[in-house]
Amino acid sequence: MNALAAVGEALVLIGTFFYFLSALGLIRMPDVYNRMQTATKSATLGSLGVIVGVGIWALGTDFGSAAWLTKTIVIAVFLLLTNPISAHALIRAAYKSGIPLWEGSVMDKYREHMEAKAKAAEAPEVETPEETPKEGGEE
Amino acid sequence: MGEASKISRYLYTVIVLFLIWLLLTASLDPQELGFGLILSLIVAAFTYEIFTTSGLANLHPKRVAYAIAYVPYFLWAMIMANLDVAYRVLHPKRPIRPGIVHCKTVLNSDVGKLALANSITLTPGTITLDVDDDNYFIHWIWVPDEALTEKEEEHVKAASANITAPFEKFLKVIFG
Amino acid sequence: MISVYYFGAISLILIGLYAVLVKKNVLKMLIGLSIMETGVNLLLVSVGYISGRSAPILSEGIGPNQAVDPIPQALVLTAIVIGVATTAMALSVAMIIYERYGTLNVEEIRRLRG
Amino acid sequence: MLKRALAIITLLIIGYWLAQGLAGVPFGEDRMLVGQYYLDHVKEQTGAVNAVTAVVVNYRGFDTLGEVTVLFIASTGVGALLWRRKKERTAKTEGSIVLTTGTRLLVPFVMLFGAYIFIHGHLTPGGGFPGGATIATAFLLLYMAFIVYEIPHKAFEKVEGAVGMTYVIVGLIGLAIGGYFLYDWIWQDWQWGAENIGRLFSGGFIPVIYTIIGLKVGTELSGIIDNMVKEEVSE
Amino acid sequence: MIGINIYLALIAIATLLSMYRVFRGPTTVDRLVAVDIMTTITAGLMVLFALYYQRMIFLDVALVYAILAFGGVIAFARYMEGGL
Amino acid sequence: MINELLIIIFAPLVAGVIAWALDIKGLRELIGIVGAAVPLAYLAKLYPTVISETVDYSLTISGFTLQFQLNTMTWYFATVASLVGIAMAFGMASTSKSSYDWLFALMSFTGVVGVFLSQDFISFFLLWELMTFASFMMVLRRNRHESLKYFVLSVIGAYAMLIAIGILYAKTGALDFESIRQAMYIDASLGTMSTRETVLVFALFLTAFGVKAGAVPLHVWAPGAYSETDQSYTTFFSGALSKAGAYGFLLLYILMGYKLYATLGTFHGHLTFAYIIAWMGAITVVVASFLAVLQEDIRKLFAYSSVGQVGYILLAFGVGSTLGLAGGLFHVLSHAVFKGLFWLVTAAIILQTGKTQFKDMGGLARKMPFTFAMGLIAVLSLAGIPPLAGFASKWLIYEAAIQAHMPLVAGAIFLGSGLAFAYVVRFLYSVWFGQRPSDLEDVKEAPLPLLIAMAILAIPNLVFGVAPGLVTEYLNKILGGEVVGGDYYRLVTPTGTYNALLVTIALVIGIAIAGLVYLYGARVRKIPVTNTYQSGNPVTEEFNLSIRRNFYRPLAEALEFWLKYSWDRFYERLAGLTEDFADSLRQAFYNGNVQSYSWYLAIVLLILALWGVL
Amino acid sequence: MNGQYASLLIALPLISAFFVPLIKGAGKKAVKYYLVLITALQTGIAAWVFQQVYTSGKPIIVMAGAWRPPVGINLYIGHFAALFVFIVALVSFLMAVFSVRAIQVEPIDKYAMLFLLLMLGATGMIATGDIFNLFVFMEITAISAYALTAYNKTGEAAEASLKYIVLGGIGSSFFLIGIALIYGSLGTLNMAQIAQLAGGMNATVAQVGLALIVFGLAVEAELFPLNAWAPDAYQAAPHPITAMFSAFVVKAGIYAMARLLYLMQAVGSWHSVLKLLVVLATLTVIVAELAALRQKNVKRMIAYSSIAQIGLIALAFALGTQSGVDAAVFHMVNHAIVKGMLFLAVGYVAMSLGGAELENFRGLGKRMPLMAFGISVGAVATVGIPLFNIFWSKIRIILATLDVGYTWAAVLVLTASVVEAVYYFRLLHVIWFQGEGTKTDENIAIGLMVLFLATLVIVIGIYPDYAWNIAQKAGADIFNVADYIKNVPLMGVGA
């Protein structure tokens, strides 16, 4: 086992550990917003670790080639770019679909902003988180 | 910064795509190279208009240099973020004080805003909920005391200093 | 002792069928169908698997005797596409039903009977 | 509830029965017959490294033609069912700048990658279907991000039809040249790429057909998406 | 490859936990978040498999998978917020 | 050159199709009559041949060999049918204005003749079905309910026959009569066909032929069907088509007689299977005659009467002796000619008056003298009054029953004759005599073709009545021995002699005397027929008895207990239940819920699974 | 010409369907006439293939990609396939002509494509010699049928299509499991090779696999109780499509079932599968006839009748004897003609008079005598009256059934036939003897088609020999498995 392989394996180990953390956050956090806080970041970092780790690890094996590293980097960059976009889209979906913030939340500047904007435009329809959640609590 | 010429945008797209092709194939086989170039030319022809507004200007050395420098900086921030996450997830009391805060940015370009939003999402306790013009609305897992003020301006200042500002010094240069 | 892949495949098939038999919402029934199809596909691949062998791509040092059966994989590709096509058809049919009947509850979608 | 209980009992019995049947096909054993033939002869007979691809496009090309047809039917069927005299996008809100900008950046790459997948179908596990699906994802992203975006569906329909015809014509050329429908004249008669196995320009007509399939699948799935995200508007 | 079992175990646990969230909900977005995490993990798993089977070609599969999953998640998210 | 047998069978159908397709008034009737005349002409032409040898024809169609044969027996049946058929055609020229009627009437003609000439079960079944279908179509036009009742029963019969045929085919591998006959003969000793199977086949054939013959309790279609069609057609329907049923019983004797004997044995010295047939016939005679008496509608009366008369034929065949067969065969002829004549008379009455109820008729003898004369011949023949054909055949049947020591059966014949007398008297009086309702003052004699038709059937009634030996001589040829002795005018059986000539002479003298009395003797006082009194009180509407209305009401009251049980109502109830069941089944199974449908699939899978596991 | 050109039977509908988007600009009319033209061409090719096969007496083996079976997929155009591919094409042609008038709902171009692909699917199912390819063609047929069922876009149409999709989906999934088992056990998908190796198959696998395959196909073949989708689909589909469903789509399913069943004769549990099928087929007949009895919608009534007739065919196939198979094939031919005509005429009436409700058929004899005549001939033929074609096949089925000893099945089936007679004759009474009406114009082309089919019904009824000879050859094609194996030039892989 050479250095590259060792580094790679270490990265993979760290990555999988973050996968685990990510899923744990998914369980432990009280509402969907806070679950995303913990899950998204860890999963992304975990992927980064695993994927780039594999790329480096492969370089240290007899079958590996530079292509391993370049390909894994492409995948990693792709995930780095898309995962936060997904997270953003999901949290926006959560908010806009009317899922209320956790009861311990301390402020909601976004609602204030939207209300002000609606007032300015004199458009009566503004979705607010106070609305009963559409999908909440079923099953 | 206005829109660059079509040719500049097209060429920039082709270059980026061909670079990606190289990474994907990691091969110097002329068949692959040739075909990759052809495909890049074709795909770019369909997509350059949505892909970029500034064209080859993106390849200015200063931008590239800053971009390269941003990578370790960002990774560091991200690792910190995850340690933070680890702390909160593993802490038996689940120490959270969430809220949606309001920040502002100095960035102008769309790509810059995207990079900022993604950076925020991937770093400590924050997720970008929405971006409206230069306003960022962030779900923050631990809203600090200084941001808990009633006054809007102070709040924005405090939040921005904490969240957007650290990235902006790089992103301002890279994306304008 | 049944292999874990077979077990998983059969489980998926049964779970999917269960959804079809029990869920009242048409969309959930359709999801059940898709799960069932997934199970079938998994079964198909599992049937062609040979222990200790690799994907039937004869590069990177893999020879004809180190590869698994390529046929089931080819069949699964086809089956997946067929599944996608069926699902697409079903969804658009469900859209029309919702438009016309205002519901996706199977017990209310029964104007044709007898 | 009784119904659920009955369902579970019924399904368990059915499951047991299936398992019994499967017990006669032990997992992981080598029972290949035709499969082994493919593995032994794929390179020399088709010029492809990926045996799955050779099976899909060449040995069992007839299935694949059918598979393409199935997708075509789905696209046509969805188009027929959701056809309205005038349609518009249903979306009410635009994606945020994060999504729109992200999409702008990703679309070219996703398309390129889709093409990469189907071009390398004879060498890697991909092929026309995943390639086409990848390309369709690019259009899906555009639809998701922008509320006004529309694919040029008339052109897409024509492309769909034209590449489909091309597929059949490739088959008919085989009939004319080699006497058999879907005969791989590029490999069998012209021996193109014989010295090239494992490189891009090889695999007989597989890359040609996979390009056709990729384009077809891409346009068809995009067309399905297009139909589904629109609703009727009165004139 | 000493650690392979550890990685797989961690991934398996993560997948199971996510699965729990998928079934438990309670909101649709919760399920979607969990699915998103699962797809990310699966992409990583595919890359690991590529190494395990020493087949670089599986990396392409992982990328295709990541792209399709991303498209799917975005589609559902946009559907949830009424942007579809 | 087309084979003569094919011409005999298919000429009517071809004529019918042409008449239907052209649909030109006048031409239609002409073609129809010609088509109907062809079989009789060819049969006449072939008579000399048939006496000495058989005429055969076979063709292979769709892998089946269809065989037809003209022999003494089939010639007899075909000729009877053709005779009635030509009368029908003349009658229809007057009564029917529809090419539809011509098509199906002639189609059923083809069916009947074909059934008689068939020598294998495929052509037998084919033509049987054709005949059933065509006669059904004749009824469908007038009355959907009655036609369906007829068709359902007929088809049940036909399918029963088909199953019997199938079983025989499975056992013998043959479909032609000759091979089956031989195989059954051999099997009587081998016994490869089990008792259960033999009984099943017998029961199935009994059902099949019983339906067509109108045997109780399968008769319920007959009153409606005979009434609800063109009455000229009923001539054929009742006179010829129902004979196919009787012929079937004969066939049963020929094909399986020995096997049935071997399987079922004897009962009190009689062949068991024949005994069953005899009793079927006897019950039919009695029940149908009673019901005929109670009818208020002229068509219904003759419908039940027809059922009863076919009962005689079954009874005769059931006696099981050659004399019985001779009597039955003779009655086939006499029933055809007198009942055919009756229906033509009925057709004339209905055509000219538009009435069907006895209460609306009366005094028509003066308005339609020729029809009346024909009616009188029919009445005398049916009532079994010498010297008409009806008496000769009944006498033979009676002789046969006595000879076979079947007193109860003979009693049924007697009872039937009495009842027949009762209802023909009513017909005679209420239609022809008495006071004429005012709206019948303008009634005229029936049109010429109808009169010709009547004449065609009246003549055999007289000829075969006066010279029954003409028939019995031929019957002896069929039965292959001197079954009935005597000469043209004299019938001799082991127990009796009947001299028709003597009776005729006596009758002519009697009529002459009666005529003189009528002309110069009694003056008839005219009273309103409805103005009747009972014990000094005016009768109420409910109990207003006259010869034209509810004449036999007291009889009905006496039979009230029995009339409660109606086979007809039983079948109707059964049909109703079937339809309700069908509805419930449809609603329950095709309930519209796709989830239920998915359950059906799951259940089938479950069955497959259990079937695999267990 | 080379027999391989029979692959045009597949290529032509495909390429023509793909061509439609390119010509849709020419207008609706043009697309409809294009459809007529293509189906006419297809009929021509099918006629050529038919003539080739029946004159040479040898099947055409089309080898896709020049690969010899079992390495490649082959089409087996034997006597049966040649006959039925021709029927498929001919019925399609007639229905394409009918579509010119009958289809007004947009988008016509999509209709034309789906129409062609439905025809293609049935053709492929009948012709293919590979079990997975059969699955693919089955799905082509099914999915285009789903789409066409819902084509009118009414709530009912969508509802019917949904039912079809759900049941069809379950069926095809289990069919695929069956294929997986058989493939897993034998390592081949070629039908001839499966037949060759079936005897040596693991008994449990064979039993479960065969049961699953029969189950999957029975959904398409409309066997009770798997046929609940069918009446709805028949009722809701556009009229020409309903005719095609009845005339050949379901037949393709039942053929496939019979073919696979007979190919796997060597399997141990074969006879018990047959027994099960006899039961299902008999139930199919009974339930369908009872369901039709008080049906108020004539199209639905005829749909039930069609299902019942299919049950009869299935019964004949399930007998396991040469005579049963011959009778089944003969009945398939006859039924295709009769039901094609019935649905054509009923569809045209429904279209002209605003619905297929029984009420609309009052006085039809006076209003549309030609259609009334067609319906009457169809009704009388279906009931099994002599001198009409179905008489011959029905009697053969009954005799074959009794020959095997299934007296109860024959009794039940015939009892159901009595019910069938009742509702058909009630319909005739409504048409001819109830209600009044004045004559309305009947479309000449449609009138001619009805007349043509009615003539065919009667000609076969009077002179069945030609049709019967063909049916016998086609039946032998299915029954004589040894010949089937011999005719496929297996290259001996693994043997």
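By written order: A, B, C, D, E, F and G. Residues from 1 in each chain.
One rule holds for everything that comes next: a residue touches a chain if its C-beta (ideal position, glycine included) is under 8 Å from a C-beta of that chain, and two chains touch if they have at least 3 such contacts.
Composition by chain, UniProt nomenclature: A = Na+/H+ antiporter subunit G; B, C, D, E = Cation:proton antiporter; F, G = NADH dehydrogenase.
Bear in mind the structure is a predicted one, so any value in this text is a computation, not a measurement.
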Chain at maximum distance from subunit B, centres defined as averaged CA atoms: F
Selected interface, C-G versus F-G, where C-beta contact pairs are more numerous: F-G
Cα-centroid distance, subunit A relative to subunit E, in whole angstrom: 11
Whole-Å gap separating subunit A and subunit G, where each centre is the average of the chain's CA atoms: 54
Inter-centroid spacing, subunit D versus subunit C (mean Cα positions, whole Å): 16
Chain centre separation (subunit D, subunit G; CA means) in Å: 30
Numbers and ranges of subunit A residues touching at least 2 other chains: 24, 36, 40, 44, 63, 65, 67, 71, 74, 78, 81-85, 87-89, 92, 95-96
For subunit D, residues that touch 2 or more chains besides their own: 7, 10-11, 14, 17-18, 20-23, 25, 32, 34-36, 38, 60, 63, 66-67, 70, 73-74, 77-78, 81, 93, 95-96, 98-99, 102, 105, 109, 113, 116, 123-125
Contacts with two or more other chains, residues of subunit F listed in rising order: 586, 590, 592, 594, 598, 602-603, 605, 608, 612
All chain pairs that touch each other: A-B, A-D, A-E, B-D, C-D, C-E, C-F, C-G, D-E, D-F, D-G, F-G
Touching residues on subunit D, where the partner in the complex is subunit C: 3-4, 7-8, 10-12, 14-15, 18-19, 22-23, 25-30, 32, 34-36, 38-40, 42-43, 49-52, 54-56, 60, 63-64, 66-67, 70-71, 73-75, 77-78, 81-82, 123-125, 127, 129, 198, 224, 227-228
Touching residues (chain side subunit D, partner subunit G) in the complex: 17-18, 20-25, 31-38, 58-63, 65-67, 69-70, 72-74, 76-81, 83, 85, 157-158, 160-162, 164-165, 167-169, 171-172, 174-175, 178-184, 188
For the subunit E and subunit D complex, residues of the former touching the latter: 57-58, 60-61, 63-64, 67-68, 70-71, 74-75, 78, 81-84
Of all residues in subunit A, those that touch subunit E in their complex: 9, 12-13, 15-17, 19-20, 22-24, 26-27, 32, 35-36, 39-40, 43-44, 46-47, 50-51, 54, 57-58, 61, 63, 65, 67-68, 71-72, 74-75, 78-79, 82-83, 85-87, 89-90, 92-97, 99, 133, 135-139
Complex interface listing, subunit F residues touching subunit C: 586-587, 590-595, 598-599, 602
